[in-house]
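Going by the order they are written in, the chains are A, B, C and D; count residues from 1 in each one.
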Amino acid sequence: MAAVNMVQALNMALRQEMEKNTSVTVMGEDVGRAGGVFRVTEGLFERFGGERVIDTPLSEAGIAGAAIGMAVCGLLPVAEIQFMGFIYGAFDQIINHAARLRNRSRGRFSCPIVIRTPYGAGIKALEIHSESTEALFAHIPGIKVVVPSGPYNAKGLLVSAIRDPDPVIFLEPTRLYRMIKEEVPEEPYSIPLGRGRKVKEGKALTLISWGSMLQRALKAAEGFSFDTDVIDLMSLSPWDEEMVLSSVKKTGRAVIVQEAPKTCGFASEVAATIAEEAIAYLRGPVLRVTAYDVVLPFSKLEEYYMPSIERIKNKIEEAMRY
Amino acid sequence: MAAVNMVQALNMALRQEMEKNTSVTVMGEDVGRAGGVFRVTEGLFERFGGERVIDTPLSEAGIAGAAIGMAVCGLLPVAEIQFMGFIYGAFDQIINHAARLRNRSRGRFSCPIVIRTPYGAGIKALEIHSESTEALFAHIPGIKVVVPSGPYNAKGLLVSAIRDPDPVIFLEPTRLYRMIKEEVPEEPYSIPLGRGRKVKEGKALTLISWGSMLQRALKAAEGFSFDTDVIDLMSLSPWDEEMVLSSVKKTGRAVIVQEAPKTCGFASEVAATIAEEAIAYLRGPVLRVTAYDVVLPFSKLEEYYMPSIERIKNKIEEAMRY
Amino acid sequence: MPEKTIGSFEIKRLEILDEEGNADKSIMPALSIEELKNLYEMMHLSRAFDERALSLQREGRLGTYASIRGQEAAQVASAFAAERTDWIFPSFRETGAQITAGYPMHMLFQYWSGDERGMKCPEELNIMPVCVPVGTHLPHAAGAAMALKIKGEKKAVLAYFGDGATSKGDFHEAFNIAGVFRAPAVFICQNNQWAISVPLSRQTAAATLAQKALAYGFEGIQVDGNDAFAVYKASKAAIEKAKAGGGPTFIECFTYRISDHTTADDSSRYRPAGELEQWKARDPIKRLRLYMEKEGIFSAEFQKQVEENAGKKINEAFHKMEEIGPPPVSDMFAYTYKEPSRREARQMRDFANGGS
Amino acid sequence: MPEKTIGSFEIKRLEILDEEGNADKSIMPALSIEELKNLYEMMHLSRAFDERALSLQREGRLGTYASIRGQEAAQVASAFAAERTDWIFPSFRETGAQITAGYPMHMLFQYWSGDERGMKCPEELNIMPVCVPVGTHLPHAAGAAMALKIKGEKKAVLAYFGDGATSKGDFHEAFNIAGVFRAPAVFICQNNQWAISVPLSRQTAAATLAQKALAYGFEGIQVDGNDAFAVYKASKAAIEKAKAGGGPTFIECFTYRISDHTTADDSSRYRPAGELEQWKARDPIKRLRLYMEKEGIFSAEFQKQVEENAGKKINEAFHKMEEIGPPPVSDMFAYTYKEPSRREARQMRDFANGGS
């Protein structure tokens, strides 16, 4: 068992699933010879050849749409959209087709595709390379949304996503790609979709996050003497309401940390669910730490935009005042 | 002052703004000679000619994108997307361009466009003609989202949207197009964006809705002896948090009614905001009445999907139990 | 050479059968008498279904319906050239192709009455559900064709769409991808001259739609879309080429939408006077009948039998759909995911308990 | 006539200046000596800026940068053909066009260092901000051109993009709309043979990109993109045609991306050996210099002066950007809407108060 980063863990998951099932087919811009702009698909082209690792034209609607057609004809496409900011070209295909194919054909056809895409700020990238719009996908019935937060869960979640019978949007936090190393077993394993992960047990407050913000949330929690329940959602659609609600019923306090702008972000859904299902247990307000409701700035200012450890701490303190 | 339906009110607003300002330009599929599939642009082609009422090719990205370019060169495009279900082809243009042009050019360029589109279920239309995905737009900084609920506010809001210096997504509930008639003054008037409307004053409960669901919310409220504060949001981005919060602080109870599926809908944002800002005033949970988290059914079952007056009443009763 | 020619292209139009029913025998496709009769029967059946659907809609027994009148040759003769194992990706105005490819008619009635079960294609057929967002099914067709090629299955993909669809980005990305991967796809455009109220001249400045194939490095051809033989021949050739590894073909069927766009439309608002009459004279079914009469393979009795068969099948289909009745409401929760999520399961229970 | 030809098309390639600096005088565009020198100077300046940007990036003083090396003729000579009042819609790899059109270089440095203020085009110029999502600015160009036509302004729109962009739906919808409305747009493709690691042959099955214009009913031409005269001549003609109401033109500049895709890329991973060397020999600047030498309008002194000027301007630009310093953090809240919403205003206050 080696300590690897998230890129390597994802690469391992892809390679192993491709070995296991010859229908699994990787496709996207620069995923072949170049191995992907973040090298997540490195070595796959050499190993599996150009019919299973397909460099496509620059064509997001075409990539998602062709993946749907390939799935209908028996392949299991894992498509890469080079950055989440470019996924909107494929939005219609995802929302009007991938999400609905099973339903509109009453199960005759289905769409077991995975769309992987790097997301999130913090790597000083160019414009439109840093957004975090997971909430747009979580609102759409018929697709699943998954966000790993480290190498270990990245591998297990990607394996589950590939094996899942429905379309999965798989969001990879660019900032974490090479930031953390973890022990990742060589053997294939899967982590169930729709379930969260208790990262830290505590009684005083429930801190909820996912993906790129999990590390910061954890760091913020560590700064206090009281015990915090820290939940990594990992899946946003479906999401583990049960874990969140039972924690909040225990702690009576909730802070949700998301990288996206506040209005209509996924944190709103978590907060709304708490307000609907666990209000009697709350000691104080359900607080959100989010980016501001502004256009994401270029790299010079992006650090001010992202929720900082400081801001998370402030909110935790505020919550503890009740 | 005549009693007119929403189609007529919208048509009046368009005609009057076009008369007032020669830069206002209507464009879209079938908006010209045919007057729009719902007849909202009827008579404008005859009156203003083909350079101001432009029938476009079948091209949603092209319509939104061209509107942006036209705005940059000094026109004020009011573009129609024939149904909201087809707006996703234009999503990238709206999110990556319209929403950001002012910011990315530091104010040198801006994007004063309006994108009108009919939305919502209840007219037994074909597939993909009935969705209600306002939350996707409300999450995006840089655009505004407006939803009229009757002829009078439809006219005043569309006038404001056209005059607004930023891009506005203007959602027209198809079910209400011809359902209600109201007295609508011939004189132009505007209703400010970002402000809600108190439809009914009450002390026991705050009932919040917008667009297509407002009528049902109102009908449900009428079924009770106690007094309900009924708020029609009218604008979802920005939205009138102040009105909602001050009402909830008064009543201590909140029910939000939306036509869209539950998860990550706009109701979640309203509920989250209440849970964050007014929790101390709440007597019970913040409740949501929404569509189910399923793919919207074809016409035979759509009535079961939409929140019914009955379901709204049930939730109101539930809220009153606290 | 300062300005040299680096590419020369020609776009052809294929016509075999004229309005009087005369066929150019030298290029006539190989069709047995049985096949000819079959083809005629399918075209008649498609029109009869269309007429019934229109009248059922008027009676309020179907929802909005999109008529195929005038496009019977373009739809039927192209699907007639396919094998049952080929894949078909229809748009929303493809009744003729669907019927010809064997799609059960009672399911078409279900679909047009607003019941998803009508889109559950029988296992033994490869016909995709109707695509409502214009042109957005074309990338699926390209991907399906890629998969068939990768898997080594000798099947072709037929994708149907209208002239309006050619303006969509999805059309472009699909054609481009199909070209790059030499996928076994046959793209069949029903150029019926109108996209609701928008005439072809407002849809594109190109003189023909067929020439759009040049942008993708594969062959495009225009055929007289009211000429069943031309449509059949071009389709057959394209399907065979696809299966032989020759890559995609674009066939522009030049035809006309005789009806309103749908039952919710009134085309007299925007169509120029006379155009309709002109095209009515080019009726595709009449043309085939005239040919068969000249060939001595058409009789009043045959016509009567064709009409009776069609009437009977359509009646049966309609009754079957009525017998089946409306879908169970619980279906609403059954197909969003393979397994309902916990939230969905709970909503299903709430719904069953009277709804909250 | 059973199969008749209904369209014939030719695609031409324009070459004027060869690799040895010989120009075909019979088709040479009208350029005064002053203009020639100017053109050379701009191409040199663009390359010098590019080199400086690359080295600043290596030093960590700029962010990821996309080099234009090899594309100087294609970018500079096309922009050189425009008037200051024309509109320019650049992609993200257009430094040469931007500089030629008068965009302040210190603002380009700002942009590449991650500062939005670099995209605030000066009032007297009509140059849009860099477009990062590939090809998505083309519909804006089409719409802008429509607006200019509607308003009767005698201006053209120049839109720049790469070979990869031709695969996007936005390219298609924009070209189609520009064609339908005969909008005064000039579409200038920098066909540098690569889209990151994807070679042209994987981008399209079409033999040329120029022929894609046939799909939209307007003229497409390929030019030797390393030949400043061919680029200039085709651009000038297209701009004039646009202003005269002749509609859009598509110009494919056939050139090569000498550098890696960006500073974050390593093209040795995917480019075949030898290709780069072959293209280096076709250097566009050298070619123009050889021509000018032959014409006796190039001297060592001129070269020295050009180099010194460029160095000075670039130094000044860089110092200006450094002097201006980083943007005020409050800018983050200032431009999302004309007037900040109440929620935004509150967030701004929270932020100012230490952030919560």
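Here is the rule we go by: a residue touches a chain if its C-beta (ideal position, glycine included) is under 8 Å from a C-beta of that chain, and two chains touch if they have at least 3 such contacts.
Computed from a predicted model, the values in this text were never measured in an experiment.
Any chain touching chain B that also touches chain C appears here: A, D.
Chain centres here are means of the Cα atoms, and by that rule the chain farthest away from chain A is C.
Separating the CA-averaged centres of chain C and chain D is a span of 43 Å. If you average the Cα atoms of chain A and of chain D, the two centres end up 36 Å apart. The mean-CA centres of chain A and chain B are about 30 angstrom from one another, to the nearest whole unit. Between the CA-based centres of chain A and chain C the separation comes to 40 Å, rounded to the whole angstrom.
Contact with two or more other chains is made by residues 56-57, 59, 61-62, 85-86, 89, 92, 96, 103-104, 127-128, 141-142, 237, 263, 293-295 of chain B. Residue positions 116, 133, 136, 167-170, 173, 176, 180, 202-204, 331, 335-336, 341, 343-344 of chain D each touch two or more of the other chains. Put simply, chain C touches chain B in their complex at residues 63-64, 92, 113-116, 130, 132-136, 164-165, 167-170, 195-198, 202-204, 264-265, 269-270, 326-327, 329, 331-333, 335-336, 341, 343-344, 347-348, 351, 354-356. Per the touch definition, chain A reaches chain C in the complex via residues 25, 51, 54, 56-57, 59, 61-62, 64-75, 77, 89, 92-93, 96-97, 101-110, 141-142, 144, 165-166, 194, 237-238, 241-242. Contact residues on chain A toward chain D in their complex (touch as defined above): 29-30, 32-35, 37, 55-62, 85-86, 89, 124-129, 262-263, 289, 292-295, 297-302, 304-305, 308, 310-311, 314-315, 318.
Across the complex, chain A is touched by residues 87, 116-117, 119-121, 123, 128-129, 133, 136-148, 150-151, 153, 169-170, 173-174, 176-177, 180, 331, 335-338, 341-344 of chain C.
Residues of chain C that touch chain D in their complex: 1-16, 24, 26-27, 167-173, 176, 179-180, 182, 202-208, 210-212, 214-218, 222, 247.
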